[in-house]
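Worksheet: one structure, shown below.
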Amino acid sequence: MAKKKLNIGMVGYGFMGRAHSNAFSQVSNFFQLQHEPVLKAACARDQGKLKAFADQWGYESTESDWRKLVERKDIDVIDIAASNDMHLEIAIAAAEAGKIVMCEKPLGRNAAESAKMVAAVEKAKVPNMVWYNYRRVPAVTLAKQLIDEGKLGKIFHYRAKFLQDWTISADLPQGGQGLWRLDVNVAGSGVTGDLLAHCIDTAMWLNGGIDKVIGLTETFIKEREHNLTGKKEPVGIDDASLFLARFSNGSLANFEATRYARGHKALYTLEINGEKASIMWDLHDLHRLQYFDHRDEGRTRGWRSIHVTDGDHPYMAKWWVPGLQIGYEHSFIHQVADFIEGLETGKPAAPTFREAMATDVVTDAVLKSARTGQWENISA
Amino acid sequence: MAKKKLNIGMVGYGFMGRAHSNAFSQVSNFFQLQHEPVLKAACARDQGKLKAFADQWGYESTESDWRKLVERKDIDVIDIAASNDMHLEIAIAAAEAGKIVMCEKPLGRNAAESAKMVAAVEKAKVPNMVWYNYRRVPAVTLAKQLIDEGKLGKIFHYRAKFLQDWTISADLPQGGQGLWRLDVNVAGSGVTGDLLAHCIDTAMWLNGGIDKVIGLTETFIKEREHNLTGKKEPVGIDDASLFLARFSNGSLANFEATRYARGHKALYTLEINGEKASIMWDLHDLHRLQYFDHRDEGRTRGWRSIHVTDGDHPYMAKWWVPGLQIGYEHSFIHQVADFIEGLETGKPAAPTFREAMATDVVTDAVLKSARTGQWENISA
Amino acid sequence: MAKKKLNIGMVGYGFMGRAHSNAFSQVSNFFQLQHEPVLKAACARDQGKLKAFADQWGYESTESDWRKLVERKDIDVIDIAASNDMHLEIAIAAAEAGKIVMCEKPLGRNAAESAKMVAAVEKAKVPNMVWYNYRRVPAVTLAKQLIDEGKLGKIFHYRAKFLQDWTISADLPQGGQGLWRLDVNVAGSGVTGDLLAHCIDTAMWLNGGIDKVIGLTETFIKEREHNLTGKKEPVGIDDASLFLARFSNGSLANFEATRYARGHKALYTLEINGEKASIMWDLHDLHRLQYFDHRDEGRTRGWRSIHVTDGDHPYMAKWWVPGLQIGYEHSFIHQVADFIEGLETGKPAAPTFREAMATDVVTDAVLKSARTGQWENISA
Amino acid sequence: MAKKKLNIGMVGYGFMGRAHSNAFSQVSNFFQLQHEPVLKAACARDQGKLKAFADQWGYESTESDWRKLVERKDIDVIDIAASNDMHLEIAIAAAEAGKIVMCEKPLGRNAAESAKMVAAVEKAKVPNMVWYNYRRVPAVTLAKQLIDEGKLGKIFHYRAKFLQDWTISADLPQGGQGLWRLDVNVAGSGVTGDLLAHCIDTAMWLNGGIDKVIGLTETFIKEREHNLTGKKEPVGIDDASLFLARFSNGSLANFEATRYARGHKALYTLEINGEKASIMWDLHDLHRLQYFDHRDEGRTRGWRSIHVTDGDHPYMAKWWVPGLQIGYEHSFIHQVADFIEGLETGKPAAPTFREAMATDVVTDAVLKSARTGQWENISA
């Protein structure tokens, strides 16, 4: 049976442009879907780099202006993998043009931007999704299953960290390709929007809404040369961001993200402690889930290191055989698979723009709290 | 050469009474010191249990009233291993009687009590020490060495947790033997004084003073039967306590303690991230230190799991051979060894009462901050 | 610049058919090569399953008879991913037809078969390669680099195991799709050719030739229903196979493979101990390499857990960013990349048929030794 | 109630002399027994070192000739912690003198010596025991419980290694204090009697008798200066020893010991794979037991890391509280406790001389097999 084409218009060619393109390329080889993504057009300003990218990934065409891309009749999906400052304008235009819109996280540079994007896609009634890919690491999805089945019982604690060390050197400039995450005007914030946003999205998915937060942030390096001006400029982003929180279910939470934790490249860890069982997960060994069940017989009770590679684990029946791990990129493939399935069943895959906006509300509150030194309530 | 006797008068026979007695018993078998502790007298109210304890450990005599013990001429050291509410009175009396005073942590139920005890020992000019034993786990002492040598460079982050799960059942009563830690009048506080105090003591030893804190506490079980009244009584302690902090050296800190983290028995973990190197330690594998050194060649850089059992590791030349681990109790033996050496050299072993009081100042601030919702400054 | 097409003719559609197809599909997205593999034709007897496979992976055509495939002018490469009993005939025909020949491991069901295949490809002078994919797991390739640089010094010990548990049930039948590995006529042997072959290939690559072996094998379940006859038939394969060996460099070796190690899905581990340093690797966490360097300063010496995801690690610059792991399937992609590069540079990628035959010589000796109870010498 | 004295006469003051003395010193503080060991007399040739040892440990007296010690009426137990070449003569004399005899492992330098010692203690009907202490590491004792309860089902595989790295340097001399383990005349053999003996004792305790073995040994450094002659002398011991074996229950075994495994100080590991469950243990983290139970629900099945520190774990109710680990030396304390309990109940603690002799039979067979290159049967 011939599959329906789903023509992708990609904006951006960087790290996320590659991760998304790979997901679109591979999904049909592993998942049985009625739609098949087609890499129709890639769009960016730098035509040299764009051409190389498009050639490598087999895009059928290129565009230099995203407005052109949005207008093209042969494009079904606008996928926004450009820097954060581009999300707002492109997403609204794409929605208005009736396109399916997919957007890299965080949705906006702040919740106000996100609200406008939510309004646009909801007004246009177009399918939409934000790439919070970690929900679809099989071990994390398994955690969700176990929690939803009630295996943990009442929840007391949630704990998440995202630790990196790649910006410790004071010689690293800010701004421009690959380094726009250090430029507050482009990124919106530092680790709060970049790393904590992931932690918060997963946390609210697993443990429900957050009621209030108190934050603490720091910018360790106050000035960095800016790639666009060639001059030392103040650094506006947060290098580290910590916050305590209360979830609506009464549990206490502890979040932390930093790019100054020497020895950790991308160590996203999460832990959730329930009355009956607890769960831990760690991005550096993303194919494992640690699970402790108090109901096990006393003498042999211990943390179970689950190698999440069996056919009865989420998504894993699609891949190889037990014991053979998949990697980071597969979370994106799963997200595309679920998104397409959502199109076909009419049950949209999460997180939609609206769901993703909830994370931006929390990150805004964390940043505000860090400035004021006060607890900030999250209005639902 | 005959050793000088150091006659110990022990108050208490519980968990800590045993741990201290063991330390006094063993130290002479492993360390070359001029003084030899002698288990001279044990003191407690319950004479049946006291007798069994004294027999087991070979105490030469018993006392039912600590005031009698303090008055005895044949006692050199009063070691306070009784519940927290007893520390103040005994310590002051012991100091006034000119005894050496050792006290289980936390020093007081609050900093005000501690200040009185500090004043007493300093006025009496008697040697004094508080049993923050974790400083003398060889892996932790090694961490101190590496930090003091500058191996980590500028410090960005400090992180510590102390997670337990033994009070989750609502059927557990409060008060009385073994359970006084749940009675706020006896303990002073919950996990803040019991568990966080350990974390704070180590942290300030390794990373210097703390400037300010913001805390969050919770009592998950609001009422528990009280062993003394036989009735349900409100629970006054904190079951969980989290705080963010800033150290004087500019580093950011994240502390958490709870007795509701299912799956963790006594998981005290600490991590310190510096510009050049980082360190992690974990009480559940206390004989290991994790060390990451960014100066290692790039391809082979990784967290080193140091099995701290070699002769060039702190204290380990006194024990067995490389590869053979020691346990929890040895930290107390090391503390006695260092304390006696301090008596002999005139350089008192840390932490003295004054140093230990600094921890109580921080725990007070954490608890106050949790009540007020405000950042609290730590006055030096 | 337009890439040259490399038209693939795939024989087989099972686990390995998928792994190879995936490698051909993805290699051009990540590696800069002048040739681009094209999934031209897939071939198998079962036309229903073949059609589904070809559709899923986008093969342009199908064939039901491998002889037809071999004769097709539009095919450049014959890739043999069929069961072991098919390798000999197809490989020889493909070589005689002047095709590039790639063959899943083990090359033959025994060394005699392998020798014929080697003769055929060498006579025909066609490029050839056997899919010993584990050499191209980045952590294993890194091990090879470190050994070749002399970092380990003189080698004393080599140790490898491949432990599985999927055939423990006596109800599992033998023969037919997915289970031909239990049928000795099809597979040639059990874990010796299936699992130990991997261990031996890596070992000889890392540590040189093997001089002699002494083996021990066992078939725990003596009879299993055969899927083709529907009757209980004797089991001819080895369920477990252990051997001791001496390498030509004087080091001692210990190898073991089994499908009866409850709790292990595909735990291939290897360790090599040298005078100055040692290395350990483990397929269940394939993105890590454990490295111990005795030259490190004594107090901070420990096994380093290297997260092999940095740009200076083998192959990793082609993938994502530090900290983000790749998976099992990537080893095949790397092998295709190296093979194509070998075609372009004229330096054939290893292992060729001739190199792979050396492994079959060792597995034959292990099986013979297990029968005779005698040490068997490996003739070079 | 007054305890009966059990007067210890200790021969030797080295590593094992200390470990045994510590066990005798501490047992009464933790275990409720009717007998109390008393450190009555220590004996050795070097009077200076002996005096220091006796002073440190509080021995009441010393002897320079073990014959004198054996003759003393006030001695109940002769504990042999001297080098292996002394075991035979002392044990026989002690038995003939009617003493309880305890002997460090291995019992004899070979099984012939052991047989004479067994004959002597059995003729004299004196209680006797060999210090195979690892049986009493709580995690290992727990493994024994689980196996005896049938939790593992039919056993397929047993695997043990004991890896060290302390003799790699060619500059290390042989012979004399601390180095007699390198002198074959004193030690009897190298790692086979020193390290493999431990592995074999535990293995036969957990998994029953061994039927046959095939061994491979190596002496990497052929000559070392001898401390007694001051000259280079041939090295007679085995530096490394590997063997394959079959147990009487049909399981296959793989044993290895070496002092040339760079990075491992004293890594004794064991693993046992059963039809239903498997167990792993490791001396470098001796307070943990790894346990995999196939009966766990599929999705959450994984290796459980059991922190063997709870009150329902073997021996642990005597120590501290859950989560607080004990160390290496405690296995000796447990052995003394069990031995005394055996005296009191009339059920002798294992292993007796006779049981320990079985290990020497196996080590002899391993060494013989390594010489002949033939499988050696173990006569029951």
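Chains: A, B, C and D, in written order; residue numbering restarts at 1 for each.
Going forward, contacts are C-beta pairs under 8 Å (C-beta built on N, C-alpha and C of every residue); 3 or more make two chains touch, one makes a residue touch a chain.
Source: prediction; values computed, not measured.
Chemist: Going chain by chain, each one touching the next, work out the least steps from chain B to chain D.
Modeler: Between chain B and chain D, the shortest chain-hopping route counts 1.
Chemist: Weigh C-D against B-C on C-beta contact pairs and write down the one with more.
Modeler: C-D
Chemist: Specify the chain most distant from chain A by Cα centroid.
Modeler: So the farthest one, by centre of C-alpha atoms, is D.
Chemist: Whole-Å distance, chain B centre to chain C centre, using C-alpha means?
Modeler: So the centre of chain B lies 55 Å away from the centre of chain C.
Chemist: Counting in whole Å, what is the centre-to-centre distance of chain A and chain C, each centre being its mean C-alpha position?
Modeler: Centre-to-centre distance between chain A and chain C: 36 Å.
Chemist: Express in whole angstrom the distance between the two chain centres, defined as the mean CA positions of chain C and chain D.
Modeler: 42
Chemist: Two-or-more-chain contact residues of chain B, please, as numbers and ranges.
Modeler: Where chain B meets two or more other chains at a single residue, that happens at 264, 288, 303, 307, 310.
Chemist: Report the residues of chain B in contact with chain C in the complex, numbered from low to high.
Modeler: Residues 142, 145-146, 288-289, 291, 293, 296, 298-307, 310, 312-313 of chain B touch chain C in their complex.
Chemist: List the residues on chain B that touch chain D in their complex, please.
Modeler: 15, 18-19, 21-22, 25-26, 28-30, 32, 56-58, 164, 166, 264-267, 283-288, 307, 309-310, 319-330
Chemist: Contact residues on chain A for chain B in the complex?
Modeler: Contact set of chain A toward chain B: 152, 156-157, 159, 163, 165, 168, 214, 216, 218, 220, 240, 242-244, 246, 250, 252, 254, 256, 258, 260-264, 273-278, 292, 294, 303, 373-375.
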